[in-house]
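Below, chain A partners chain B and then partners chain C, in two separate complexes.
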Partner chain A sequence: MTGAALFFSLLRWDLLRELRRREIVPNMALFAVLMLTIAQLGAGGDLVLFDGDKRIEIDIPGKVGPVFFWMAIVFTGTVGLSQSFAAEREGGRLTGIQLAPIDLGVFYLAKVAATWIYIMMMGIALLGVYMLFFNFMRWDLLPSLLGALAVFALGYTGAGIILSSMTTSLRGGGEIVLRILILPLMMPVVLLTLQVSEATFGKEVFGENLGPSLELWKYMITVLSLDAIYLTTGYLVFPKIVEE
Partner chain B sequence: MACSAPSSSSPSPGKGENCAIRLEGVSKSFGYRDVLRNIDLEVPAGSCVAVYGQNGAGKSTLARIIATQWAPTAGRAEILGHELGTGNRQIRRRMGMIADQSFLRSELSLDENLAFFRSVYGVDGAARGDELLDRFGLARRRKDPVSTFSQGMVKRANLARSLLHDPELWILDEPFSGLDQEGQELLKNCIREFTAGGRTVLLVTHLREIGQELAGASIEIEDGCISASAGLGGEGGS
Partner chain C sequence: MPEHFLFAQFSKKTEIRKGTRILVIEFIISIGLGAVKVALAMALIWLIAISPHQLNNLLGWILVLVTLAFVGFWVPPEEKILGSSYLIFFFHFPSAINCMNLFVIGGVFSFLCLLNKNSSLKLSATSCDLWAASAIEVGMLACTITLVTGGIWGRAAWGEWDTWIINDPRLMSVYFMWLTYAAYLALRASMDKGRRRELYCAVFGLLATLNVPIVYYAIRVFGKENHPMSLTLDQTSMKTTQWVGAGAFLVLYIGLMRLRRNYYKSCEQTDRLQEDFNRARI
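Showing the complex of A and B:
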């Protein structure tokens, strides 16, 4: 069986499992929506300031909304990552895969692809809720936003699957350790993602330390390069992690 | 301390070419704990060798090393003519294993599970799976999710899964636990047929009566060493 055929076969079985169990996507989506609800309540409405007779309106939800959106993606993503890999440890499934005559790197890539699909599904659901809660009706920006989400989620799952393969065997599922490890690792991508807010949400977020806004194409190229590094490292390292 | 199968001297190059399993000074440690120590073993192809020992003696660790699941800490091993480590993928293609876990996906039906393992082992067609399901009395439950199966049925399904790719070496770690009388007889017949076809079985069990009934040779593992062996002659006869 060729690597591509094996990849699609493994991906298909992973998706079928999620379709039957309906665990990962609903769990992530529920967590993300709850986070966004609390964030929206906290953000309140526009802030109105007066400079003499001059009235200044600051769109607080528009300025902090993107931060909450990406926070929800990052934090709920860890739920998906750990659940996606924990499912492989049930009943010795991972051992079954390990003892099969396959390239375990392909299994890693299939696992990344499946988890990427779950995170994208959660992200799209979250985006719908975001549009309602934060009155974000910029349909023209949706392709940019979905593109940014896609490249962000790819690197995130690439790094996350490697980390969850190491942490799910820990006591309690290792979810806390996963969060401790993945957040610093993803920090450069998170910062870049916030810098591209003007292109994706139509507004720069608060945070002067972030630096100037980033153009979308520059963001895409940079993050795709980081994705390639995460995925290549994962492909090479994953078999060694699983073998031991 | 060297722990060898007493009747079999240390393997020498050129000897034991028809060996299915050949271990030289294999040890395994987990942290500070030595689970296996300096094991030498030759299992001739076409034989059934029973591995006895008390709980925690190191039987399952030995089985897992031979099955390529774990790498030994020291020593070298050759399984089905391939070096353990570098030849793992070739070994896995020709080896089937039953362990304490089933490797099956409980939310999938039995048919889907077999299709999954057919895809990872590159087995064409469903004929082999159909034959095994008939053999293990599972044909009428083939469309049901594995999560609805009893423990004994899962064990039978697992046996079918392990034979799907027609392996040459069958590693069975406590395969009789959870099987009813009928299932046990079925498995015994399978083991007899398997070895009669010139293939090799490594049977890890604490049930000596069954081991003596099926295996032409045996080893006893005690505290990580082979403390006794029977039927493993110098020329590798069983």
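Showing the complex of A and C:
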């Protein structure tokens, strides 16, 4: 079987399994919505201050909404990552994967693609809820936002699948260890993603503190380079991880 | 940064194409210069590392005392803007640059550990793993000293412990590195000794080290340089002490790294003796 045929075959298998069992995407989406609900309780409305007779309204949802959105994606994504090897772990299929005469690098790429699709689906569902809770009606920014989400999710899953494959064999499924490992690795990307908020959400999150807003194309190039590094490293080291 | 001024001149149509080319060229140049600096540091470290480790440690402590003597008796007691609080710089700066060196050493050994399975390198995978762990642990010590001394300096000079992370890209990049390598130590602690731990720590160590130039480059290029830089080292005594301190701490940290590695080696030997003893008893 050629690499591409193997890739699509494995991807199809993963997606079909998820379609039948509906374990990962609904749970992730629900968890993300719950996180956003709690965020909205504290930051759903404008802050009104009075300076003498002058009324000052501070747009809290616009300022902190993007932070909560990306936070929900990042934390909920760890749920998807920890579940990505659940089927292989439960059925004892990890040994089967080791013995199968397939290119394990392609298996890794198929896993990344499947998890990326789950995160995108969860992200789109979350975006709908976000628009409702935080009154975000900038339809013109949706392509930029979805593009940023796609690029972010690619690096996230690229690094996350490597770490998930390592931690799946640890005590208790390594759930906590996975989160401790993935979050620091992703922090620079999260920072850049927040810095591009003006292009994706129409509002600067950092203001003058960190620097000028990042342009979307600069963000794409930087994060895609990082994604390429993670995917290449994953393709090369995943076979060694599975062999152990 | 230069590219902000350059980009303003281009029309929208050519902006992205030319801007990308400049960005890529600058990235390659900075990585190249960084690689040259790292190579020089590696050469210096190798020279230090081939000396006997007792001599290494002794030399390290002596050089640190020499630095302390320079700070106490040679450099001016006050600086134009920062007053006497600037003296902590001679401990903050060496720790800051040496933590990066140590993390890169850890990354190199992690890479060698991954390669080692199928190659015939003189260093075994276990040895590479122990070196990587030692380098990263001492690197974490240096990184912690950097963050703490930076905070103390900030408090003394500007009245706040840190301008805090959101305001300062340099502080942010060091803090992110600290968190990443803290995760490495957490992973190491959560696993039992063995080939699997060596492999997993090597993979994460490599990922973390690959992340370091991205963190370093992206945050500084796209952020605003907000690191308090009002210090001017305009006297020979200041510049000399700065680099003597950097060298002194490098020698000391390498000595500590070797000490740590020897400790792990002793633990391995003790465990092996214990296993042999238990087997003999049976």
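By our rule, the second predicted complex is superposed on the first by the 232 of 244 C-alpha atoms of A that agree within 3 Å, B and C clash if a C-alpha of one lies under 4 Å from a C-alpha of the other, contacts with A are read in each partner's own complex, and residues count from 1 in each chain.
As a convention for this text, contacts are C-beta pairs under 8 Å (C-beta built on N, C-alpha and C of every residue); 3 or more make two chains touch, one makes a residue touch a chain.
All values reported here derive from a predicted model rather than from experimental measurement.
When the two complexes are overlaid on their common chain A, residue A:Leu185 makes contact with chain C while staying clear of chain B.
By the touch criterion stated above, A:Pro101 is placed in contact with chain B alone, chain C being left untouched.
Touch counts on chain A: comparing chain C and chain B, the chain ahead is C. By the touch criterion stated above, A:Leu16 is placed in contact with chain B alone, chain C being left untouched. When the shared chain is aligned, no partner comes close enough to touch A:Gly3: not chain B, not chain C.
In the overlay built on the shared chain, the residue A:Glu90 is in contact with chain B alone; chain C does not reach it. Applying the stated contact rule after C-alpha superposition, one finds that A:Ile229 touches chain C and leaves chain B untouched. When the two complexes are laid over each other on chain A, chain A has residues 244 in contact with both chain B and chain C.
The part of chain A that touches chain B in the complex is made up of residues 1, 6, 9-10, 13, 16-17, 20-21, 90-93, 95-102, 243-244. Chain C makes touch with chain A in their complex at residues 4, 16, 19-20, 23, 114, 117, 166-167, 169, 172-173, 176, 179-180, 182-183, 186-187, 190-191, 195-196, 199-200, 203-204, 206-208, 210-211, 214-215, 218-219, 222-224, 226.
Those residues of chain B that touch chain A in the complex are listed here as 67-71, 89-90, 92-93, 95, 97, 99-108, 112, 116-117, 119-122, 145.
Those residues of chain A whose C-beta lies close enough to touch chain C in the complex are 159, 162-163, 166, 169-171, 174, 177, 180-181, 183-185, 187-188, 191-192, 195, 206, 208-212, 214, 217-218, 221-222, 225-226, 229-230, 233, 237, 240-241, 244.
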